[in-house]
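Going by the order they are written in, the chains are A, B, C, D and E; count residues from 1 in each one.
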């Protein structure tokens, strides 16, 4: 967390900010979802409260607060309450590990009569060398919230819903993990920052000893791993229980799946968890396949230089400015994918459970394996120096 | 200095959790305590600079194995147990006594080994790359074998669980 | 009063921790009547062993320890799977998972 | 004809008779069977006569014909070979055996005329003769023992001849077992002698014994003394002396000629013959001699008392035999070997006569043996009663008859010999008196007196084949006495007939040294005994002929004594009560408690112990998984602690 | 050519022949013929046997288990010659005995008889301790089957008891053999289990001390043989085994198997451990005497004929053991002779009891009575055999017992006197039985058989004739039999220290064992 008080406080503030950012996105997404779905279904959506229905968010929040609390009997109450919290935690922790922008470098400056040394603040709440593995690990914990919710609400349907959901999550986690292996092979590192660093500039790769540069394409992961991207994209949907895969809490059959018994704020927490997970997924998508916070064809250093020359700020100021600029770029990419999530939800019909499982085990998994092997072969052929 | 605090905190935390696993009459709760202990273990790995292992631990243990446990417990809908411990006061006493004696022996035996040198943090060799290197060169045979084992277990588990009969009391 | 030796975390501390966890795991196996909790006890013991492996590998700068952890994990997963499958079959037959239920299995 | 051929014929003729009759035992033709048997014995009688003639021809000193067929048992130094000898003693014996045997065979042809198994009977009889010859001719103790047991066996077979009757079979068994007890003693005697002299030939035994005796008196624990005692026990068993006489009265269950042959003439005298044969050995153990004398005297007196009260004719004769044998042992006991042999011979004649006589009486009376239902048979059976009276005169010792000479000689030796004693002489004389009493009682009740024969039976004289042997025996019992007239009597008789028998036996026997007394003392003693005999004879005559109420008065006078004596001093009951029944109880106890409960239970205990151990370990495997886990844990802990400790 | 192996393993060949006979009806006559052939083969052995030499004859020695020095070592000498002949003589009689009594599974029965014959002959001929042990144990199996399958009511109990009893004893023997083999390795440089090497061993002996090696080994062997004999405390298996065994089973069990015990004592205990025998021999003398009297007394009150005869054989075997431990020529010759004569007379007794059981199906003595009237020939044979068994002179029983008693007398007068009472008691119980069964008025059973002829048929008379002939032959001419054992017995008596059997006749070259320590003559 850093050596002195300044660093610690800024890091803490940074972590809190990122957590709040994730939490705040959820109501916005809800709004976007309702408006989007309405737009897709050619209807207006919430537009009564406040301009374009923006105030609807506040209304929903208030509604959730004042809803009546249903609690099971004493024996299962603890788990009943724990479930929504657990749903929240993985999303938040995973999001914290994803680098939202270029790290900020602060030179030595004088403040309150003490010279504070040069700082380097990573634009993420916790900087881990093993980014991917950590995120995967944390996301796998999500299953517990669903299980506990389903079980502690002690009715058959929610139990079944929970079992189905966790089974689905576990099986797609497999596909998720495997599809990432391609990325690892290409970028040779677990660290997000490094992966993003390798996606700067335009597409350049070696092919049979010669370096080929296609300047018309940005050096993004998607071009290296098109199949990997598709698999990851679908797996992420499953992980987040988003529509094509939201069978567990599908209203028509299992009423509301595992959170039938939940109302009020606890339900809200589940939403936060769900959308949080969506946010993390799209952030991962962006990081791995769309160059993260890189502006296409432009490396962050060029951006830094540009800002310094254009705004004429001091080095810390300019690094802060570039960081926030690139963060904006990153957010735009993430929002695009969030829209895609919502867009998909309201267009594709729901899978049947066996189709779901078949897709997961019989198509996704083999393709993922194929992709991994293919990538491994190509990497091997290209990387080794044929003397 | 703070490493010590973290370590002692973590180990205390983990001990309490494992005791929870042992003493909690409700299997679901003991399963959850176990999940937390696993997370504790992954933290320990993390403290010992085995980052990749910490992640794998989370994915494998916390993510999959224990989910299996929880699912099975739920499947059986096990309530709070009336008799949590085995019959026979003296055998229980004997078991606990054996456990304690075993602990004492272990701890005594640790001090027989001369103190190893300082923990070198993030030295060059300890990267996941070397781990993978070793795994796929020296231990390749065992690795393949494990693959086979897991295949066999998968088939076995499926075969076993297909046996007719309901899971809930008719 | 905190003696320096206690503060400075050495290999023995980790071994101590793993020993404690191992014994608790063992006691779970020995004491609990519920088969699944026994399996959890086994998991605990395996994890304690993992801690020792990792501790030795990191203190001795030797990657073999970590490789072993890998294998232990694989085997633990396999063991849990089979154990639970068995538990399922037993539960189906005896309608209870208490270990005394299938004492009749003796010859 | 050389000796071995003679011996072979002598011995094998009876065997041939036995085999011939034995194989045709179902055949009812008693004439053929009887003839063959008698011829066989006749042949052996002729052989023995020839042998005796050859013996007489031999010089005085070494009068013995040895024959050795093959060595029977020959193990490391001990060799009992099938060798036979005829010397002065055995000459008399074979003559008596074959002679009297022949007469009895002839008699029993008639007797066995209406029996359903005559050939079996004659086969046994021949076998008996063969065994008796073995006993007598045996050169060593072992061959004698073979004959000894063989004779016992034949008496068992013959006593139990009519085995369908339970008592007869029991009597046979009893006889054999009592004999067997005697034989056990005989065996021990042989061992003692072999251990002492490492040889069992009579000749060598006698010579070695005399040398030993020369070297001074022998203590009680000396093997020779013990041997003599054991041999005497054997003799008692065979010759029915005090402790082991119980089988003889019961032996009367057999056919009467059998009793005549076995229980009068031959078998019972075997004991006396054995002691006479080993006279020098016995002389070397004077203390044993005195025991023999005492036992002999007691038996004589004691059997005579029982004889007086018996009502069965054969029982009376049986007890008289026991008492006469008592006399013989008395004689041998005091060292009167020659008179004992002489009495043995004369007794054989008149006792066989009397038994055959009683046989023909019983035959005539239709198997009736109770003298109370007889009387005045003199008229009905003249020859039998005539010969019987000759026998009677001989047995009570009327001077001139054979009994007198032999019994008197014994009494004289009892008195005169250093071994004997006055008291024994008194017992002897009293015995003689009682003999006179019960024999005259017999004569009165059977032959003279009033006839008490029940209507159904009308006695008639037996056919010639039965009366001829009676007549011959009658003559013999008279003439028999004359060949051994004692020296003192012959002195006063015209022509001083020499004591032929005495001279004949003298070289082969040891003789007791008599105290020097004048002839007057001898004469007076003889006078006393004759007078005692006369008085008791007259008294019996009056009691049973003249005034027949005397016996009842006597009985009323001493009712308890009479009761006691009537049922034979309860000796049999004593034996059963004290020896046989406790023995059976002990063995039952042994079988039930020791065998079944004790030893078997030990095996059960062992097997139960093993089973319980099995169960103990079994309990470890009770299916409780956790317990198995605990054992593993304990095991690990223990091992580790050892490693740490060690 | 190797005669002994032929004699030993011929019955196995016969067993095979009988097993594969097509027609069940032929099994009995064929096996009878074969056993008679076997008897004549053994007569050849008797004829070619050299009486004068005390050493081993017809020796066959080929290494069997090289490493442990165990060799297939067969040899016959004065001690064992007669027992082999007895076995071959009794086998046809056993088969004849089983002519009518064995109805079911006759094929199996005859096979087990032949196998039993092999094992018994093997035991008598084996001169190698392990080979001896193998045969000694193997003989239990067929006997177990014979009692177990064809036996009486609780045959299983009797068979198992018999088996386990003997097995328990022979375990100690095996222990002793092994110790001897190890000692042989120590002293002779190379492990070997042949008896001749054992004789060379020098076993240390502490007088009066029970725990010295020689005494322990002695008792190891002696216990196994005492159970087999059976000696007094270990005899409880015999009556059960006999009562439950079928007639032929009893004949062969009493006839030969009991002799294996006494033969063992003679072959192993006496020569191998001379000092121990001298020191502890008195125990066996005492047990022998006790056995005699105890056997006789208990026999007296037995209600069952077969049990009575069983106890009588306990008493007779008591004589044999007593004779063995007198350690003088008379005793030993007497006991060998008694072994032979007891085999014949008790075998015949069991046959006779079996025959009458065949007809009246009852062995209770009190149910009988007056049999002689109904079955004269049977009673004649019975009485002859009874005479032989109560040792009346001129029969075989007398010679044996006389010599034993004399031998015992020389050693210890008290025992002799007690043993002589055994002679009397013997007469008591046998004649008591004869009286009860044969004489007296017709008993319950006989009344039922009024009509039928109870007497013996042709085959039964043929079975008994050779026995009666042998009884009188042995009684009248014992010399013919004793002369065979004379040399061996003398050798055993005077060569007590340093007892060794030299091997007679043409001797195949066998790896001679280097002879390190000469035996210390004491």
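Quick notes on this structure:
Here is the rule we use: a contact is a pair of C-beta atoms (placed from the backbone, for glycine too) under 8 Å apart; a residue touches a chain by one contact, two chains touch by 3 or more.
In this text, all values refer to a predicted model and were calculated from it rather than measured experimentally.
No other pair of chains has as many C-beta pairs in contact as B-C. Chain nearest the geometric middle of the protein is E, using mean C-alpha positions. In this assembly, the C-alpha centroid of subunit A lies 34 Å from the C-alpha centroid of subunit C. Chain centres here are Cα averages; for subunit A and subunit B they lie 29 Å apart. As a whole-number value, the distance joining the C-alpha centres of subunit D and subunit E reads 38 Å. Chain geometry summary: the mean Cα position of subunit A and that of subunit E are 99 Å apart. Multi-chain contact residues of subunit B (touching two or more other chains): 56-57, 64, 75, 86, 95, 98-99, 102. Shown for subunit D are the residues that touch two or more other chains, namely 624, 626, 630, 633. Residue positions of subunit A with contacts to 2 or more other chains are absent. All chain pairs that touch, listed by label, are A-B, B-C, B-D, C-D, D-E. Residues of subunit A that touch subunit B in their complex: 75, 79, 128-130, 132-134, 136-138, 140-141, 143-144, 147-148, 150-151, 159, 162-163, 166-167, 170, 173, 177, 190.
Subunit D meets subunit B in the complex at residues 624, 626-627, 630, 633-634, 636-637, 640-641, 644. Taken in their complex, subunit E has these residues touching subunit D: 161, 165, 233, 235-236, 239, 294, 297-298, 300-302, 328-330, 333-334, 370, 372-373, 376, 387, 392-394, 398-399, 402-403, 405-406, 409-410, 416-417, 420-421, 423-424, 427-428, 431-432, 434-435, 438-441, 476-479, 482, 486, 489-490, 493. Per the touch definition, subunit B reaches subunit D in the complex via residues 86, 91, 94-95, 98-99, 101-102, 105, 108-109. By the touch criterion given at the top, residues 621-626, 629-630, 633 of subunit D touch subunit C in their complex.
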